[in-house]
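Look for subunit A in each of the two complexes below; its partner is subunit B in the first and subunit C in the second.
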Partner chain A sequence: MSWLTPHIATQIVDFGSAMLLVTCFAIVAQRRLSACVDLFALQSLFLAMTAALVAFFTDTRHIYIAAALTVVVKVVVIPRLLKGVIERLNVTRELVMKVNVPASLLICGALVMIAFFITEPIMPFGHLLTRDSLAIALAIVLIGFFTMISRQKAVTQLIAFLMMENGLFLGATAATYGMPLIVELGVFFDVLVAALIAGIYTNRLQDAFDSVDTTRLNELKA
Partner chain B sequence: MIPDQPIAQAIALILAQAVVLLCVSPAIVGLINKVKARLQCRQGAGILQPYADLKKLFRKQPVLSTTTTWIFTATPYIVFASTVTAGLLIPVFASQMPLNFAGNIIAFVYLLALGRFFLILAGLDSGSSFGGMGSSREAIVASLTEPAMIMAIFAIALTAGSTNLSTIVHRTALLEGIATDPSAHLMALSAVFIVVLAETGRVPVDNPATHLELTMIHEAMVLEYSGRYLALLEWASAIKLLVFLTLIANVFAPWGIATSFTPMALSVGLAVYLIKVAGLALLIGTIECMFAKLRLFRVTDLLGVAFILALLGLLFFYMLRG
Partner chain C sequence: MAILFFLMVASYAAGLLLPLCCPARPKIQNLVAHGSAAFGSLGGIGLGIVGLFGPDPLTMSVPSALPLLTFAVRLDALSSFFLLTISLIGLAASIYAVGYVTAWYGHISIALLGSLYNGFLLTMTLVTLADDGFFFLIAWELMSLVSYFLVVTEHEKADVRHAGLFYLIMTHVGTAFIILTFLLLFEGSGSFSFDAFRHPEQPLPDGIRTTVFVLALVGFGTKAGVVPLHVWLPYAHPAAPSHISALMSGVMIKTAIYALLRVYFDFFGGQFPWWWGFVVLVVGAVSALLGVMYALMEHDLKSLLAYHSVENIGIILLGIGAGMIFHSYGLDELAVLGVIAGLYHTINHAVFKALLFFGAGSLLYATHTRNMEEYGGLLRRMPWTGACFLIGAVSIAALPPTNGFVSEWLVFQSLFMSYQIPSLAMKLMLPIAAAMLALTGVLAMTCFAKAFGISFLALPRTSHAKHAQEVPWTMRIAMGVLSAVCLALGLAPMLAVPIIDRVAASMIGSSIADKMLALDGWALAPVNVEFSSLSTPALGLVLAATAALGLGLVACCGGTFPRRYSKTWACGLNLTSRMEYSAAGFVQPIKRVFSTIYQPTVKLETEFLEESRYFAKRRRFEFHIAPVFQTYFYDPVIAFMSGLADRMRIVQGGSLHLYLAYMFVTLVVLLLAAL
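Our next item is the complex of A and B:
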């Protein structure tokens, strides 16, 4: 593999990270809930691919396991769970938004710039393999956070939360070549349980208010 | 950049490129329609159907409304000429075209904008309310695509270090003298792809198959045209589609294009070019079957994504250089 210089490897990993960022923007611009779930599954697939590439280039075995778990949990199980939740609901799309789509996109673009400016001083100290993956990971976390704040439907907020988790996983893989396997297993379990709880919570919300708009929870305040 | 070449060879190359653009473009439209028909479990018209349509239209006598002025009759010729000229600025099967001194990628974008400007005027000129509606919508879409297109193009021009299309394609094909950055490339490519769908009036933005007056954009503007004028406009829009597909194929993945002028390299370049363009046509046909047309006020969301991605492409370039 003489062609596989560290420079080429960096570019391939960066390309994978960029794919994740592109799907982030697609999720922000997408109003249909089921399409959001599909895009999240796609993003997780890109994440698994990027992680597997990092594992391949750095010859770190346990990242392969993490990548395989990503496929199982985030590409298959969680999207199915969410699809089931959406089927029970009477809404298929995000209708009212606190921030409309073009403005959200511009804000997310600004968040990416902020992420780049924050990580810029750190980059020279990082490993060669992960040039801008760290910045992209931070950008994905920020975008997920913003989407959680700006959307009102519980399902979208859950997807945004999972998107944040994807960003964190990418950051961990990119910056430190993955956390210890036991930590990663714990994180996967947590994410799965969080998705389950949020799914149940969404269903309860639907039963109680006949809507999954989380702003309705304000009515509980006396 | 361009090696000295005999004037006869230069002229032959330009003519060959013009012939390829003029002859292949209706087949691409036919191919997209065929793919759509097959995916919808229909037999569909043959790939060569657009040629027959053009032939029929050229024979028919045009009918002009009494309210129209010279703009209405001049527009088909202006649109056709500006589209073909833009097509000649972009390398099709050989990376170094002799005409590359004539204009860069900015000239390319604004030649197409010139054609659209006259088309908008002609839509208003016919005096029908549908024409006016189509013109107004086209202007909205154009004002949204242009920033995204220009940003994406600058991202590419910066990585190649030149705004000249031939230079960009040649350097990328040989992987020399360019700052290869796949992330910036990917962002710009996604942006340009969305822009191409909007600019050529394909499905998420406009539906080329519909004649439902309330939703159409391009079809509404050319509603009053008939005979040879309509044929010219239809042909020009087919060429515009092919030119944009060429832009995607050759600027973002130029590998396989002829970098020298030997007959062997040229024929391989032509074959690879046709395969690439046919592949993109298959993709567009599939997209048209999978997605519904967006409501007009949702088009801003889609083109907003294109703009942000193009902007990030530029940003990545500066971040990674800085």
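Our next item is the complex of A and C:
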């Protein structure tokens, strides 16, 4: 494979990371919850692909396992779980938003710029072929965080949380070619449990308030 | 030695875990928990004795994964002494608890209570053994937390929860000061190990040393309960189960004395100006006097005992403060005398206070009330408890031939020795402290005349008292053992003093055991035999002979009169319990004499007969004493803090999105700031 110079490998990894970022924007722009879940599954698939590419280029075995786990947990199990929650609760759309979609997209654009601005001084020190992905990973984390703040339904917030987690995973892969396998396994387990707990919590929210709107949680304050 | 240590820790650990694993049979849980605790205490007693007589201290250390933290243990003479005290009371409390907790079968979880009890003993032990600042703080904080959970054992009662919260806040305020103390010491030494505190790389500047002195006094003083930081004791001690109160009042507050000695004499090597000792002396004198005065006005037996802990901590600090003053003037032999007096009173107070709390617990067990006004006539119904309580009361009132008398005598002697100090001011101040101690002693005697007389003598005032029965034998054994220890320490101080002398000598470096024993070891003298001396065996013999003489006279001459049993004559009326002195009535004279301090409010309501204003149908009398410290010291602080908290509430919007936004903004700002 003589055509596969490090430069080209970097380009391919960057492309995969960029696709993750694009799906982020798609999630921010999407009001339908089931579509959000699908987009999240797609993003996770891109993540798994990027990770597999990194594994292939650097010949690091354990990233393959992490990529496979990503497919199982984040592309299959969690989306199915979330769809179940959405179906049972009968919430299909994010109706009221704190920040509307165009404004959200603009803010997310600004966040991406901030992420690149922040990582700019440390990029030249990196010598890995994944180094450019770090900025994208940070951007995804920030966008996920922002989505958690700006959306009101618990399900959307959960998706945003998982999005952040994807960003962190990408960041770990980008910065150090992935964490030790045992840590990754722990993280996958954590994410799965977090998703389960948030699913149950959403159900309880529905029971208590007849709604999954988390802004109503301040009614709990005396 | 190491084996004893592991035996002790393993027993406590077993007591911590096993009750939670055993089947839900309270009886088994009770025996497992308190049995392990008793074994652990026996190990602790053995370890303490070995440590006191051993040539060099036992040290062990296990490094940890956390930076700056080492699980280092060191058993020197000072640690051994406190370990011995804790374990002795722990053993008695474990025996007592076997009977005492039976009252709660089916109401509260015996497994949890027993498990926490073991944890409490273990953490107290570790506090005295820790040889690393970080480890000490962990053990200290665990001790505070475990004791909080024990205080709120009966958490379904609102006043117990309130008491627990109060205790938790006070103890955390104290811990904050202690953490500052250790951080300042850490600044100078660069390490948290006690050895580094002892020999810092460069000596601490004077300002820092003074700050450490004040911080340690406030921090540990909160736990010890010195005035004005004593307010939690009368809440927390009555709320806890009685065997826990005995441990808290008898030994937990002594860990603070241990820590103060450790900081002042060990870390600073006794290098301090005279006024440090003077401050400790003043704090001690004020605590002793105010503690006993407030105790007099209490009618809740356990609160009364809690206030007496304030008093006795004050007496201990009087001895230690005198020792510190002597030490700063280079009078090392007298310094040792003062510290011996303080330490002897430490173990004595532990023994008799635990005994009295056991007695109070027995009364609570038998009558289900702590209010003295509802007792009466209990001596006939509970003779064993009564006899043991009497011995405890005699000890705490510092009467011969019990231990309280000996240690208070030693404190007096060390205060009188002030004539050897070159400074005129101190020459005058120490006798004033002695006068305050004398007043304290008198008031303590009045207080226990009241406590014993109102509770045990005359007729029962309520049906609770009327139907009281003697407590189970385990409780009686525990009280009996402690009563015997009270008498032994009172009659044979000549055996105890040389041991305590080793402890004091290890801190100050001058041993006076030889000079303190006079008459071939049959009498005790404060360094200087010409000044004064005391032979407790002779005193005991005289007391016994006087009693024997009286009994003999009665037997010889009184035998001719026929014995008649009849009712006490009450001017033709039938005797009722309403004719008795009440606890409130008993202390009225004291209340009047010291009305400037108590600032009492008296309320008397009278309901007259409709026919005539000359006949009262019903009278209602109430008196309250002003909670001076609460009003002038705590309320302003509490008001300020809650005002601050109210303003902080704006930040707590209750909205999930707001909280997320806080985090988000913090994250972005920090990321940008990092550039």
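Things worth noting here:
Simple rule for what comes next: the second predicted complex is superposed on the first by the 220 of 222 C-alpha atoms of A that agree within 3 Å, B and C clash if a C-alpha of one lies under 4 Å from a C-alpha of the other, contacts with A are read in each partner's own complex, and residues count from 1 in each chain.
In the analysis below, contacts are C-beta pairs under 8 Å (C-beta built on N, C-alpha and C of every residue); 3 or more make two chains touch, one makes a residue touch a chain.
Keep in mind it's a predicted model, so treat the numbers as computed, not measured.
Aligning the shared subunit A places subunit B and subunit C next to each other free of steric conflict. Judged by the touch definition given at the top, the superposed model places A:Val193 against neither subunit B nor subunit C. If you count the residues of subunit A touched by subunit B and by subunit C, you find the higher number for B.
By the document's definition of touching, of the two partners only subunit B reaches A:Ser17; subunit C does not.
Once chain A of one complex is fitted onto chain A of the other, the partner contacts of A:Leu217 are limited to subunit C, with no touch recorded for subunit B.
Subunit B and subunit C, viewed from the C-alpha centre of subunit A in the overlaid structures, lie at an angle of 160 degrees when rounded to the nearest 10.
After overlaying the two complexes on the shared chain, residue contacts for A:Ile114 are found with subunit C alone; subunit B is out of touch.
By the document's definition of touching, of the two partners only subunit B reaches A:Ala135; subunit C does not. In the superposed model, A:Val76 makes contact with neither subunit B nor subunit C. In the superposition on chain A, contact is made by A:Ile149 with subunit C only, not with subunit B. In the superposition on chain A, A:Leu105 makes contact with subunit B only, not with subunit C. With the two structures overlaid on their shared chain A, subunit B and subunit C come no closer than 17 Å at the level of C-alpha atoms. No residue of subunit A is contacted both by subunit B in one complex and by subunit C in the other.
Residues 11-12, 14-15, 17-19, 21-22, 25-26, 29, 31, 101-102, 105-106, 108-109, 112-113, 116, 120, 131-132, 135-136 of subunit A are the ones touching subunit B in the complex. The residues of subunit C lying in touch with subunit A in their complex are 652-657, 660-661, 663-664, 667-668, 671-672, 674-675. Subunit A makes touch with subunit C in their complex at residues 98, 114, 117-118, 121, 138, 142, 145-146, 148-150, 152, 157, 214-215, 217-218, 220-221.
By the touch criterion stated above, subunit B contacts subunit A in their complex at residues 180-183, 186-187, 190, 300-302, 304-305, 307-309, 311-312, 315-316, 319-320, 322.
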